[in-house]
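Comments concern the structure below.
Per-chain numbering from 1; labels A, B, C and D assigned in written order.
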Amino acid sequence: MTTAPAGASLDAPALRRRVAALVETHDPATTDQREFLAARFDAGLAWVHFPEGEGGLGAPRSLQAVVDQEFERLGFVPTGREGLVIGLGMAAPTILAFGTPEQRARYLKPLYTGEEVWCQLFSEPGAGSDLAALGTRAVRDGDTWVVNGQKVWTSLAHRAHFAILVTRTDPDVPKHKGMTYFICDMSADGVEVRPLRQLTGEAEFNEVYLTDVRIPDSQRLGAEGEGWRVAQTTLMNERVAIGGHPEPREGGLIAVAAHIWRTRPELRTPGLHDALLRLWVEAEAARLTKERLRQQLAVGQPGPEGSAAKFAFSRLNQEISGLELELLGEEGMLYDDWTFRRPEGVSLAARSPGFHYLRSKGNSIEGGTSEILRNIIAERVLGLPGEIRVDKDVAWKDLPK
Amino acid sequence: MTTAPAGASLDAPALRRRVAALVETHDPATTDQREFLAARFDAGLAWVHFPEGEGGLGAPRSLQAVVDQEFERLGFVPTGREGLVIGLGMAAPTILAFGTPEQRARYLKPLYTGEEVWCQLFSEPGAGSDLAALGTRAVRDGDTWVVNGQKVWTSLAHRAHFAILVTRTDPDVPKHKGMTYFICDMSADGVEVRPLRQLTGEAEFNEVYLTDVRIPDSQRLGAEGEGWRVAQTTLMNERVAIGGHPEPREGGLIAVAAHIWRTRPELRTPGLHDALLRLWVEAEAARLTKERLRQQLAVGQPGPEGSAAKFAFSRLNQEISGLELELLGEEGMLYDDWTFRRPEGVSLAARSPGFHYLRSKGNSIEGGTSEILRNIIAERVLGLPGEIRVDKDVAWKDLPK
Amino acid sequence: MSEKRLDLLYTEVEQELRASVRSLLEDKSPPEAVLARVEGDQVTDTALWKELAGIGVAGLPVAEELGGAGAGLRESAVVAEELGRCVAPVPFLGSAVLATTALLEAGAEAEGDIAALASGEAVAALAVPLATPPGAAFPEAVRAEDGALSGTVTGVVDAVTADVLVVPAVGPDGPGLYVVEAAAARVSPVVSLDLTRPLAEVAFTASAARRVASGEAAGRALRRALTAGAALLSAEQLGVAEWALETTVAYAKTRHQFGRPIGSFQAVKHRLADLWVAVSQARAVVRGAASAAAAARQDPGDAEAAREAELNAALAQAFVSGVAVKAAEEAVQLHGGIGFTWEHPAHLYLKRAKSDAIALGTADRHRLALARLVDLPAAEVG
Amino acid sequence: MSEKRLDLLYTEVEQELRASVRSLLEDKSPPEAVLARVEGDQVTDTALWKELAGIGVAGLPVAEELGGAGAGLRESAVVAEELGRCVAPVPFLGSAVLATTALLEAGAEAEGDIAALASGEAVAALAVPLATPPGAAFPEAVRAEDGALSGTVTGVVDAVTADVLVVPAVGPDGPGLYVVEAAAARVSPVVSLDLTRPLAEVAFTASAARRVASGEAAGRALRRALTAGAALLSAEQLGVAEWALETTVAYAKTRHQFGRPIGSFQAVKHRLADLWVAVSQARAVVRGAASAAAAARQDPGDAEAAREAELNAALAQAFVSGVAVKAAEEAVQLHGGIGFTWEHPAHLYLKRAKSDAIALGTADRHRLALARLVDLPAAEVG
């Protein structure tokens, strides 16, 4: 419970006082994490820019970093939150923007405390980069919707309580106009989750089959036919947040390659030396670019460089891991484990060089392909003309597939 | 004059006999070259696949190589033909395909003997890769046409007697349909040739300004409005012929770089070594590819690899010459001569490394940009869909420019 | 710089051989079947290998009097292309190329061992790590003493299904090439990056062995086997690249995004055009390497032919490795999500391509070999 | 691996400085004017240099008590970006960066020479070949004897308009840094690839000289001048790349082919997007190098700061050289025919970019320097 009146001026010192007050009543050392987070939510310190009563205080978004740093300074950093990335990063802002008061009251708090896990049912086999082409059908039946279709590349689906789901409700209008967005209960009848094995041998992701799944209309987010606009809000929040902590020089995969180089002199050749140095230079350039962006954000001047960071790192990861295998030579022809299993999380460093190489191939596909990111840079940053569109004015059902 | 009847069977031995007969009556050692070539033309040994009386014998095109080799074996290789490349390679086949009997009789022989030099008036400042966008206007005035416009990148214009010229005669129809093709007398009033200086400092090419130039309708090649189709014939013949002689390993610019490497040990570094070796490998791969194409042509199996050869070599020339400058270091920061002058011919080897670097930049622009060549490979070789065209059904005058 | 004119085309006979092999592979070993096999008990398809041997594939460069087809390494290269195109799990590289060439180059004492390999009745492996480049020093991992071998060799290709092992070993009187029954060694499979090509560790413990070459002859036979292997491996890599390019082009024509085939987007078109140019160049380079290898095999005493074979093999490895990897990587990327799944065969080609890029020496090591062969000396470090 | 946190942003003061410099350059030295100048009698625009000096550009990193602006190398880097963006023919690199830094680092005895340079009244040049990397051995081309210098130095930047020469030379008692009146030397212009940056051969024949540093101090001053030069050169290269990218993007929006702006073709878009990513990265790297150089200059005794300055300068040269060349090459290519003409300024940038890639050491040599600084040792050759 906050003690100061909510209307008080919300500057950084005020927020630090609120953090101090919370920690005083809920000693992190003795309080259960979920309970503590519930108290933090109630205190408006979950997302300070959210409205009061919904985890926030209506404060400027930039002050969230102050709160996070203060909790960190006091030693309270919540753990085990990896599985909440979709709920926290994508579902919460979308529910805030488009949810009814009932939906916001029902979902935001358990989402924040980690009681309920969320996943995202967007991608389909026939709609990858072109999300708006999706074909999962939702047909209204009185106060409920009946959903049929198949979704792919769904991480966390096997652990999730709820999903954010985009469907097609009107196939007779152009594709962007006939979509509707729902909250889907993953325990509902007709929701079947199957692991999707990837080329590394394991299954980080799932396919989700939806067969006559009934969703109450009260679970709709946004108006009927507004699904594309709602989904855009979700995807805007997908951009990887640039963290508050600077990254050290020579981090990530280049550290692995440099370590091999330093400790295994028998593997060295002049050509590999030059190749390693070129990648070291590029990795350091990418790191400084990210660091510069972090500094820009810290002074409230975000730059468009963010859209390029993922794209630069995916290429780097691919090239460094490819070099790693060539550097290792004979050992680079081996692999650790092809077993079909669900990993506990993607930890590149803990796996073999072969895994680094294979897994990094996904970096330029997942979360926006490098091709789409280049389009975005060309059009939104450089202002070059958009692609000629042949699918804007055609009913979805008449599009070539 | 041939002695055997023209209808005789035209196999390789028969052609060799005709060559022998010609050489017997016209001793190359004592005959003036132009006179000898006139006799060769009359004997049908200029282009054996051309009709009788027009420099040929109506023989299969593949037999031309037999004739050329036979003259070469007998020591008669004409010299000083560099300036005839457009006449021989582009004008002649176009005149043969579309010319009237009068035009063929008038132009083919002096074109072949070298008495008359030809140039090509196609490119315009506003129509580079998109030739069909050209705007040089030809307006009919009774039996003549009045031409106004500007052409660029015209080699040989300052020496040429005639030009092949494409114009726009109907701006009210889509661009490919309103073009007409002419033979233009370069000594006509209103034809002004200006040297076009390029970034190397010199001027290999010209701009040609056409101001109220009057061309008799009898100089039209092909029907009015058929200019695009006629020009396609010209351009099909532009593809660089793959010669009959294999190229040696380590030829061209890679020889220059390798020579510097071998003779200047003080310039060597490990990184430059690897870079040089990579380019050596690529140059040898490109050479073998060209050699394989040559072997395919020799057995009558041309492959689509021809369209890639120019494109591969332009990239290689650019990269090798770039490396050459870095290898030379301090000397690479110098240039030989910026004087604005007309070169006698492009001899890369005779010029400085800086010239190699700068001139090779043109390789990926002249004669079809690398971008256009990639389109051609993607569409014609791989069968990928063409670009979406927005200019097919719009009158030329309404196109954005 | 002098070089023999190499025939870079495919002869009619070679094209017929290709057609037979392709038809057999399409029938017996389509990608889905390979995908199913790689998780079974034995990856290597010995039944398929016997069928291939039935059309002469196992003994192509072996003279008829030694039990082979009396063809040459050019024909072997055509087969390697087709096997690469299907990532076929058969012991062609280990047995028909590496081991057989080593025995052929070893001379008279090895002749008796060849017929069984050429007919496909037996399979052999050359007991060196597959990553060994042709120019490596003679391996010392195995010691020979009193007609028996001891020592361990890692990363041996096709050892898992081998009946016979051809083993370079060093004895008191220097290097030698030995023949050992596989039963006399311990062969332990390892987990390889290339799912379709099993590697194994081979351990000898006083294993009975027969010497078939010694001294310089043993070194030469090994070097020539590895050189021929490098040339033939490049042909396999070409096949991998061709599959990747063709499959991706076909996919780009049918996969629609934004209402258009993805192959109508110019950036995709240009990348595929670039790849096609690279594959065309690889084809010429591979034909050169195969021709040079065949010429050297035909006239083992011709030092210039041997040098040209080494040069063209190094060139091929230096060039084609990168093309195959690039082609497989582009295949995965341009297939999007489906290319990242286990169910689509693209990953089999990616793993083969990357593994092949290390096999018989990385491109980098082959460039250094070329530097020696064409007199482009390294920088003095100082 | 430890490193200081570098400020990678532009301060408001720096942005104001940028605006002043840009506005002056746009007014007095647009590309057409530069193009006209390069064929005149004197490429260097001394009038422009005096105007720039008037707003403090010549003496930015010079303390106010020495007659400078009392700013730092970060501010100099912003100016270098703007000068690169205009390929402005002024002696900034030779005089305000290389010679001035050498004198500043030389210490007390050189202080009296600095004020005239900082005010723009005089121009100096550092008499080493512009291609010299910071880690090169102390040059021995010039000998010092009895207070006079003899010898010839090639490829000296901004010597043509210099009043004063700062000369590393070796005398009987070892290396020294000397100041010589330009009138006492023979300065012969050479034809440089970079039309906008004159180089000259400088010959000394018993030319009267004054020593301002000797022994290790001379070596350190030279090395630090070249290191600061490398950092500042990368800022210039960034400016070149920015011009090339912006000009090409603008052209791609207006140039129509096939009824569409060429910037609507996806292959062109993706290439320009890639270039924008590279330029963004270059900007971060350049800011890092400028900050590290400024920190080292501010605290000349801090060895760690000096090491960071060397590391970041080497990184910047290793990375940004390629970006600037690529940007200029793409500008020429994507402008098509017009980009290949003399009349379009793109070639000025191409020549500057390629020449800059060699100046103060090629990327390759800077990677080797990095290898030493970050402990990634070269392969033993053997």
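A few points about this structure:
As a convention for this text, a residue touches a chain if its C-beta (ideal position, glycine included) is under 8 Å from a C-beta of that chain, and two chains touch if they have at least 3 such contacts.
By chain, with names taken from UniProt: A, B = Alkylation response protein AidB-like acyl-CoA dehydrogenase; C, D = Acyl-CoA dehydrogenase.
Keep in mind that this is a model prediction, so the values were computed, not measured.
Centroid distances built from C-alpha atoms place D farthest away from chain C (Acyl-CoA dehydrogenase). The chain pair from A-D, A-C or B-C that repeats the B-D interface, sharing more than half of its contact pairs by residue number, is A-C.
For this pair, chain A with chain C (Acyl-CoA dehydrogenase), the centres built from the Cα atoms lie 43 Å apart.
In terms of their C-alpha centroids, the spacing between chain C (Acyl-CoA dehydrogenase) and chain D (Acyl-CoA dehydrogenase) amounts to 51 Å.
Between chain A and chain B, the centres computed from C-alpha atoms are 55 Å apart. Within chain C (Acyl-CoA dehydrogenase), contacts with two or more other chains are made by residues 260-261, 265-270, 364, 367-368, 378-379, 381.
Annotation for chain A: residues 269-275, 277, 371, 374, 387-388, 390 touch two or more other chains.
Chain contact topology: the protein chains form a complete graph, every chain touching every other one. Looking at the complex, you find that chain C (Acyl-CoA dehydrogenase) touches chain A at residues 39, 129-131, 154-155, 190-195, 199, 256-261, 265, 267-268, 325, 329, 332-333, 336-343, 346-347, 350-351, 354-355, 357-359, 362-365, 367-368, 378-379.
Interface residues of chain C (Acyl-CoA dehydrogenase) facing chain D (Acyl-CoA dehydrogenase) in the complex, by the touch rule stated above, are 265-270, 378, 381.
Looking at the complex, you find that chain B touches chain D (Acyl-CoA dehydrogenase) at residues 123, 125, 128-130, 133, 152-153, 196-199, 201, 269-272, 275, 318, 322, 325-326, 329-330, 332-338, 340, 354, 357-358, 361-362, 364-365, 369-371, 374, 387, 389-391, 394, 399-401.
Residue ranges of chain B in contact with chain A, taken from their complex: 270-271, 273-275, 277, 388, 390. Contact residues of chain D (Acyl-CoA dehydrogenase) toward chain A in the complex are 1, 3, 5-9, 249, 252-253, 260-261, 263-264, 266, 268-270, 272-274, 276-277, 280-285, 287-288, 315, 318-319, 364, 367-368, 370-371, 374-381.
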